[in-house]
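So that you can tell them apart, the chains are marked A, B and C in the order they are listed, and the count of residues begins at 1 in each.
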Amino acid sequence: MKGWILSLFIVVWAVGIAEGEDLSISEDTETCIECHGMYHPGIVEDWRRSRHAKVTPKKALKRDGLERRISVEEIPENLANVVVGCAECHALNPETHKDTFDHEDFPVHVVVTPKDCSVCHAEEDAQYSRNIMSHARGNLVENPVYMSLVKAVIGPQDIEGLSAKLGEPDDKTSAEACLSCHGTAIEVKGLRTEETEEGEMMFPVLVGWPNQGSGRLNPDGSLGACTACHTRHQFSIEMARKPHTCSQCHKGPDVPAYAVYQVSKHGNIHASLSKEWDFDAVPWRPGKDFTAPTCAVCHVSLLVDEEGEVIARRTHQMNDRNSWRLFGVPYAHPHPINPDTSIIRNRAGLPLAAELTGEPAAKYLIDAQEQEKRLQTMKAVCHACHGSSWVKGHFERLENTIETTNAMTLSATKLMLVGWDKGMAKGLSQEENPFDEALEKKWVEQWLFYANATRMASAMAGTDYGVFANGRWYLSRNIQDMIDWLHFKSDVKK
Amino acid sequence: MKGWILSLFIVVWAVGIAEGEDLSISEDTETCIECHGMYHPGIVEDWRRSRHAKVTPKKALKRDGLERRISVEEIPENLANVVVGCAECHALNPETHKDTFDHEDFPVHVVVTPKDCSVCHAEEDAQYSRNIMSHARGNLVENPVYMSLVKAVIGPQDIEGLSAKLGEPDDKTSAEACLSCHGTAIEVKGLRTEETEEGEMMFPVLVGWPNQGSGRLNPDGSLGACTACHTRHQFSIEMARKPHTCSQCHKGPDVPAYAVYQVSKHGNIHASLSKEWDFDAVPWRPGKDFTAPTCAVCHVSLLVDEEGEVIARRTHQMNDRNSWRLFGVPYAHPHPINPDTSIIRNRAGLPLAAELTGEPAAKYLIDAQEQEKRLQTMKAVCHACHGSSWVKGHFERLENTIETTNAMTLSATKLMLVGWDKGMAKGLSQEENPFDEALEKKWVEQWLFYANATRMASAMAGTDYGVFANGRWYLSRNIQDMIDWLHFKSDVKK
Amino acid sequence: MKGWILSLFIVVWAVGIAEGEDLSISEDTETCIECHGMYHPGIVEDWRRSRHAKVTPKKALKRDGLERRISVEEIPENLANVVVGCAECHALNPETHKDTFDHEDFPVHVVVTPKDCSVCHAEEDAQYSRNIMSHARGNLVENPVYMSLVKAVIGPQDIEGLSAKLGEPDDKTSAEACLSCHGTAIEVKGLRTEETEEGEMMFPVLVGWPNQGSGRLNPDGSLGACTACHTRHQFSIEMARKPHTCSQCHKGPDVPAYAVYQVSKHGNIHASLSKEWDFDAVPWRPGKDFTAPTCAVCHVSLLVDEEGEVIARRTHQMNDRNSWRLFGVPYAHPHPINPDTSIIRNRAGLPLAAELTGEPAAKYLIDAQEQEKRLQTMKAVCHACHGSSWVKGHFERLENTIETTNAMTLSATKLMLVGWDKGMAKGLSQEENPFDEALEKKWVEQWLFYANATRMASAMAGTDYGVFANGRWYLSRNIQDMIDWLHFKSDVKK
């Protein structure tokens, strides 16, 4: 291997010179690494590969216009001239962090938060706070209807005779099920003592930890986890731009964005040819740096054309390129105005953005004009590679699919209502859990799995997925299964 | 990054010299790029990476024997000495293209077709016309039985009381569901006006666009889309040879070739080691250029051994290496003789290649001798890496699996016939849609999903997929579910 | 391409010098290659890329301490000074191999076994013999309860009226279904004659071939196939360390380790960044050689820290890092002591490691102390990248999930027992197959698919998989479906 290592060394050295790497590590960080490099070599080495370990904020600030990766204009003196190491983040803002503890005389906190990151990345933090993802936890736990669903999915069921008693979910299950992606509330419950190789040490007891959910409630009161996508400790833009990152939360049958992408032409090009793309370039140039979009291209990244003209501005709000809310809801509807969706009430008083029969709760949703504006923002990205006939045809199909899948949800809902009305299942009509019985679960699958998946397959042109994998075949079969269930049930001797 | 860029520049320059790149771009194409490079930088840059952008047909013709990538002997003078750019394809054969329109004084068509490509790749075009894939659209839409299935899968279902009324599928849904892979019919419906940055412009209104289905009916009357596999605008052989390309249409539970490949040893080797393979070499050498087959190796590519002796000839007919039709059909049967399968009639008069009870409609299918010949062609590929005991054992198992899965389809069909005979479901006996009710859908899943998937898992040795993922477990469970359904149904009060 | 080829040549030459490649190929192997290089170029070239083709055992023995890849101290003289070629393995130990046959005057055997490999890799062979995987075949075929399941899954079902008669599985189906991963018994049934390009030749008739199942019963009496993971003929450590290898047997809904890994943060890092990792280094350094674990990191590989201190010793026993048996069983339980699990009997006399109601058959299972020891071994790996709060929180959740999923299996089992007691299904109470009817299959799915998958999602933090993909949603829905089935069935007219 020595031949290779030598070559690698030379290349790394050459790149180092070119980049003008600045290895001014703060004394505090040096102290951290002294022990942690030994006990946790993986993270320390991981960090050494990061841009944070190679460039000081001061230097990063000097980048011109669109090449800038820092969105503030000024960085506090004590942070500007050292690379962004352990201490710079984990000992930042100690006073606002309930999880701050004394660790070898440093006021360290375990959970680094968007508020910490905002010292350099303020604009991204502000955008992300308007992203529905930053509210993912609250949008679930503050919504009693969704919490009935959570209970029906992850609550224990004890059997007595021929019936099941649905119990309350326990916290550990919640943390590794729904809240794993939506985000836990991280609470500090005092300190615990641990025997370590360096002697006895105290650490905070963190409830809800570990977690990197997109809507995590942090010990400093902030929402979200930048590490959900910019994985610690490389925090690599390359990784955030790759579709695998999104797949962590968006692959299951309820939100199969990644599964759809995989069978799309875009996903195919990525899988086949991306080894030669530049995933690190800022700004990012369609054609030059990549030849097909990843999730980030359409939903997040700053894109410019050959001349450096902006095609799409960087956004961590994400939904400013999305006209519709396609998934996670019984009916697709215009995107909510406020990222906090727990405030929404439909006419029936339920915290849902549409009636059970599909009419949108319009006052909580963006209007047609804002929808059109977002559509144009998205189309600008499409046009980097597609002519207008192509793009027009594509979105006309999506609009049609939103309509037809909403209609199939309505059909299932009508059957569900028959079941409730006739008492064959006990749900909203009986003020009982509307998600815990077999018929109700079929109804949930109609919208949460099949309608959502079909729409995603349409939106991202991963059409194969929207037919037999998790789409129209089941949308259609499920109606028949619900009808049969109602027939069979009505015949069961009471 | 400058260090890297410099290195890359030197390498690219060295390769350029070695390849003797010929950048004679036609004036017409230069004109195209002037605007489109600005408005659609992605495709223009994508094309710049292509072989089409780097080599003139004249030069490509000079390659020796098996290294030739062009299959005609002569190229029209006006095309021979310029690289294959925008104008060379999009303004070719304007008179045969119903979608030709005047675009800045050029007679441009949007939809480039196999007939256009055949100017240089005539043999591939001819082979592909004998490929069942080029007839994928007609084989569906001209087959009334299959169209009943299409209706049952993608038609709307309106609820009245406790029954569902199945409606006709709309065109936009068809285009992004079944016809997305099978191919749409692209029709020209006049012209539309669009306000562009260059002022008002006219474009043809294309119904069925966008589409790259393998059996697309094109505005010049030709069938297919070379871009289904050779993605525009790199048209890269590398990409066509990678399994992700096939996965766009062959991953769902009905045709899970890619899913099977992924858990096969072949797929594992590809996933683990292919970064060092040469996906561009023509001819392609097992062991030297790659160490495990992708889809293309077994089904398409020109393979030679160490001495340059042909192991398998290139084929875009594909089925000349396949003895059996394994999927998309109720019973596996010898491969159809004619790629147009809509002409087939079984004894019952149905457009199916087997009776409902499994006996093949032999006169439309290749005979045992042709089956053996195709098997030998395929085995020659296997032998590049496997001894005769291995290969023999493998194909004996496949033959056995064809038998056992056909038997499990027959079992389900017998139950289906009971359902029809007793009127518990209304299908062929009642001259009604045989695919729209719950029992019928279970029957469809027996063959379209489980039997097909089990056979594919056998054929490609992705055995894990054929048991619990989408195979024998369900083949077996489904029979029991059908039996229960018949019991439950027969008990429902009329 | 010549520019590239020249560069590659120089690099390969440089590496060659550095490695001090030793191309002493034995005369016997030269003879093999003379023909086989022509007839099977793929395997011969594949082997040429292997370490086996480049280093003699004598030289490999000279590596220091942890860098050694050979675990014996001495190699027989005739093998030590030549690279490990065809003859070195396929003509080794001819007397112990029932499949030895005379091939061009060489006593060749087709099936190379762990016993053959143990000449150089004795320690790995010994460890693997304590690995439950080496007994995968026997643990299935010697366990009558599991064989009832096998029959119910892969046996044919013939229909008479409205019932199905379950037949015995045939051998070829067994070989490509369950035994494909578990391993076949390879038996020699005489010789067969084949017409080859070199004239008529005799080969052994091998029943159960091909197979690379992890518990294969070999013609020399040994168990296992090193090639299950170290794919022939590169036998690459890189490939064995990549997750795709494990996916061949661990991806289906019953053992979805790979599917879980894919949506885990670890899997995401691997998919996004592993192209720059060193998969060949021995020992393997977290952070330096890789920045996130693959399957091998946690379960097999020798890991050292920056200073060369051992983090985890190499093990081919694998379960010495696993406290629990999480999958393939109705209830998760402490790991079995003996890799041969067919000897286990629960109180009811069944060959299962737990009662039907979940209590573990403790005397066959490791005790709490051994569980703790294994947990500490595993945690040492985690700590390479994670602090103690993180690791503690993670494993507390796993323990909780083991409990809750076992409880959901118990709930399903109670319903199953009602079905058996009331004769609605015929199983253990009736001494009939407990897995062949619809209700029984739902019960099997509860533990074999949903509980197992949920636990795996917890163990490997691929949480998305454990909710809607194949986890709690179905654990919960299935209980309701079983209840309905019992209601519907009890109502069917007898």
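Operating definition for what follows: a residue touches a chain if its C-beta (ideal position, glycine included) is under 8 Å from a C-beta of that chain, and two chains touch if they have at least 3 such contacts.
Please read all numbers here as calculations on a predicted model, not as lab measurements.
Engineer: Between 0 and 180 degrees, and as a multiple of 5, what angle does the rotation take that fits chain B onto chain C by Cα atoms?
Structural biologist: Best-fit rotation on C-alpha atoms: 120 degrees.
Engineer: How would the chain A/chain B interface be labelled, same or different, where same requires over half of its residue numbers to be shared?
Structural biologist: different
Engineer: Could you give the separation in Å between the centres of chain A and chain B, each centre being the mean of its C-alpha atoms?
Structural biologist: Inter-chain centre distance comes to 33 Å.
Engineer: If a residue has to touch 2 or more other chains to count, which residues of chain B qualify?
Structural biologist: Only 275, 488, 491 qualify.
Engineer: Using the touch definition up top, name the residues of chain B that touch chain C in the complex.
Structural biologist: Result: residues 11, 14-19, 262-265, 267-269, 271-273, 275, 280, 285-288, 291, 305-307, 383-390, 393-394, 396-397, 400-401, 404, 407-408, 411, 414-415, 418, 457-458, 461, 463-469, 471-473, 476-477, 479-481, 483-484, 486-488, 490-491 of chain B touch chain C.
Engineer: Across the complex, what residues on chain A touch chain C?
Structural biologist: 1-4, 6-7, 37-46, 48-49, 110, 152-159, 161-164, 170, 172-173, 175-178, 180-181, 194, 196, 203-206, 209-210, 212, 231, 234, 236, 238-239, 242, 244-245, 247-249, 251-254, 275, 436-438, 441, 448-449, 485, 488-489, 491-493
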